[in-house]
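Below are two complexes that have chain A in common, paired first with chain B and then with chain C.
For the complex of A and B:
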């Protein structure tokens, strides 16, 4: 190496430091910085999804081995996140069972215990708040849900002149939410429960828009559940913790009802207004109610959704 | 095209410089304002507290005689003959409006059974010759631990619904092959002397977002 080329390169660099090359360099630097900044969230990708979850198969195509692997992953994830070892299962619908819910509007006093029993059972986000059940306070003489108020903060319930109508997923026989899902992440099982695979949902919220009962909820942010309020008894299609950007809704407490138990909202109802069971069993309470009681309301019946949720009056 | 005179081009350059300089200062100023948050955008929403545990309590509202027996608790309230004389059944007294005058010793009993509280004759349910039992109008004598048939003797349809599981609270298993369902007795929910369910405080409703946020972050000059 001799001195002259370096001298000449010095010269050229001096000469090249024109306004044009400075701007070009600054623009390139700025552009690269912006690109890096825009890609930075990718560094946090592991918080959102794991490779294993990303490569997971569609629920209906999973073999028992695949499912066992997935359940192990979910168990480990929940334990890492909440410090509680959950009991996660994949519960299949039972043969000869179709679930029906009946709610006695004569009895409901609007105490909202079902709302909070559901929250305690199903691990929805507490902050921001997600609740599956909305108790509408309705003036007597109308079944128009537009007249309902779900934010009532009365000192005492029931108030004279009003009745209370809890609304949650109606588990339609003809569910509009299932039809609009572009990725088949939600479907109706043979026991009548419309389920969501939270690992398959892409968060497009079409189902939320399609549901005439305002029953589906979206996780706008990462759900927050205090550790001491986490229910460790979980099901894959049921109450396992959700992540940001997926839909959720009432699933008739799959983790309870598919092992023969009553849903949490029913057990919490202090007046026994909620009745649940297998409509294919003529001896069940719901069969008795549909046989013996007179007035039934399937909410927004005219939509043709054919809900499996029946409202009735005693007298 | 006419060539631009030297004077005009100098003026053009000055104007460009002023405009660009002004824009730079404006953007810089705006970024400073944004950074210092001078218009006071609101901070994060307050954390929503988990619901009070008393609203998650699913135990029955009332305890019946049968519950007390099961829990081996004090049953002295049911020992009628500690005060009453076996040979002299207590006499019922009414005021001019045919309202029962509840004696002082039973002041905890609030009568309110039936429309206009008309079912106020104690011996409609209590057994006059033996106060330790109850009696149905057809003469059957029932213990305090078995009251549904007594209530059912008047409330037939409700009793029928209750037997079918359609009236009253249930719990446990809907699938009886997997486990038992829990059933409650009439008096677990209803006070036999005033059976109407009293009004009570509802659990909190949904928290509305962005209605009662915290005070804005420091700043707020431009609000």
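For the complex of A and C:
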């Protein structure tokens, strides 16, 4: 440190210098201690990400070998975390298949069995519980969702004068959520399902803001699933357990539908209100419904999203 | 080449050094800001461990004060051009030596913006997925990828312009015009783009009628060009008081003219928006009704927005009256404008876009304590950065920190800050 020539011989100035150096040293030490103290909560952060997960490639750029390694990592992680050995697969879309959902609003009684079957199938967090399907209790004569009751707790359903409208991801042909994702972590597959790579999502929640159907859900904290409630039959783009800080949503039960089974919500429906199938197959039930039923609705059609989820009435 | 590198390193070392010296007021100010910064860092560390559940956000209201502050600060950063335009296009002499303070404010504001988006991410460890080439940037489809590009570009432009001009002043050389003028003009256009792109983040969402309105972009610019220069007016007076740097009242009054006109336009656009939302009476006005008068028994934002509207109107009245030529009234108008616009951008724009949800549910939002601490920490960090920039820039501009006095005793900070004749 340069002392000024005019007062370098001044003893008080030297004393001031050393006092200043001391104070600076003390301030630096105090500052570093405070910094360490403020970062102390990070000590609890042991399993945030592994090197392998951190460096994992983008889904569409993975070779089959890469994917095999990733599936092994996920299997090991799930086994360590839940004590259950899962069967995780990377299921690809089938050729000549485009999935369509049709929901009969005349039949739906609002029992929410679909909601709970979905939760049991798809391994979302149970605490806090994440649900992909929201059932709206709507007064007769309106399709305005703002008139819907989200939290009805009637002892018996259906109540006279109301109809019930379950809403989940509409698997749009023109999905606003895919367009806005800054990192391509969500995209539409050729069978029409919009998927999310949970290992690529940065958690900005722009897709959640963009969705006109409020179909997306965010893991605001570490998901909790008791081991006896874990569904071990898993798909990479489907129901494998998610981590804190990523988005998820309905994916038409990829782990079931891509191997020829029905979605869990459909199987749980006690009144047969839910129909699912391949629109490219003219013999399928959904093809028949869209061809023959006179009234069907795409929710918020004016958004231009062109949903693959159709609502219809019988009469 | 070696000598040039050495000179530049000496320059950097001396700049870094001076950031750590000052009188007791400087230490008190910097110490206080550091404490708030660390409190914010501590809150963020907790958020990293427990997730965004420690905030007030939910699936219903999925963006909160982080994104609100981000939006406000993009405006502050963009407003630096309101000093650049008079100087470089209209050759305004009063502002000429002050424009760098606006550009440095832009740098500090952008740093805060980047901090606010980072703390909003659920997986900040995956930020590299955004880097073109390395990750997967969804450009040009995603407006967020545009925002990443324009914000970082604006940061680089301003760092270059400020750094180059300051270094030239330090070396007592005339800056080479070709090496900064093109960048200054690029930065003018770029500044408009950062706020326009940020507006388009919201405007592009068809499912959110409150945001899906073409007036949002113009309103962003009008409010930014009010709040930004208002902040600069206050900052310049603080600089003048503590450094004896020559800043004329005339310069402040030039900025007053900008704040005045922008505020009138801002209030006019607000009237346009309110009219459209309320008079047409469509269901798309639900968010606006929730914001201004409350809806279905929910009215958490009503006091906020009327405070903002009240502040803006009072500020506008003060600004259009001759009384605001006196600095005391001008300062009051500036504080009211800044507060009013900050509320309008946060509680008035981001939150009501989420209420009701696209499925018609009403869930209200209030920032949590932890979330508030993170915000305060970032604001303190921004002020810290701006103070450091000024601490370096002012002595350079005054000629007290220059190449020629490299071998003379360094500024200690507690010597009196004498006005330097120039």
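Heads up, the rule we're going with is that the second predicted complex is superposed on the first by the 279 of 315 C-alpha atoms of A that agree within 3 Å, B and C clash if a C-alpha of one lies under 4 Å from a C-alpha of the other, contacts with A are read in each partner's own complex, and residues count from 1 in each chain.
Simple rule for what comes next: a residue touches a chain if its C-beta (ideal position, glycine included) is under 8 Å from a C-beta of that chain, and two chains touch if they have at least 3 such contacts.
Bear in mind the structure is a predicted one, so any value in this text is a computation, not a measurement.
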item	value
Which of chain B and chain C A:285 touches, first, second, both or neither	first
Which superposed partner A:113 touches (first chain B, second chain C, both, neither)	first
Touched partner set for A:156, first chain B, second chain C, both or neither	first
Which superposed partner A:261 touches (first chain B, second chain C, both, neither)	first
Touched chain A residues, chain B compared with chain C	C
Overlap of the chain B and chain C footprints on chain A, listed as residue numbers	128, 134, 150
Chain A partner contacts - residues on chain B that touch it in the complex	45, 47-48, 50-51, 55-56, 58, 61, 161, 164-175, 177-179, 181, 184, 189, 197, 199-209
Residues of chain A touching chain C in the complex	1-5, 24, 27, 31, 34-35, 37-42, 44-45, 48-49, 54, 58, 128, 134, 136, 144-148, 150, 167, 176, 179-185, 200-206, 208-214, 216-222, 244-247, 300, 303-305
List of chain A residues in touch with chain B within their complex	94, 109-113, 115-117, 119-120, 126-129, 131, 134-135, 150-158, 226, 229, 257, 259-262, 266-272, 275-278, 284-285, 288-289, 292-293
Chain A-touching residues of chain C, taken from the complex the two chains share	20, 31, 34-35, 38-39, 41-42, 45-46, 48-53, 55, 57-60, 62-63, 117, 120-127, 129-130, 135-138, 141-145, 148, 201, 204-208, 283, 286, 353-354, 356-361, 409-410
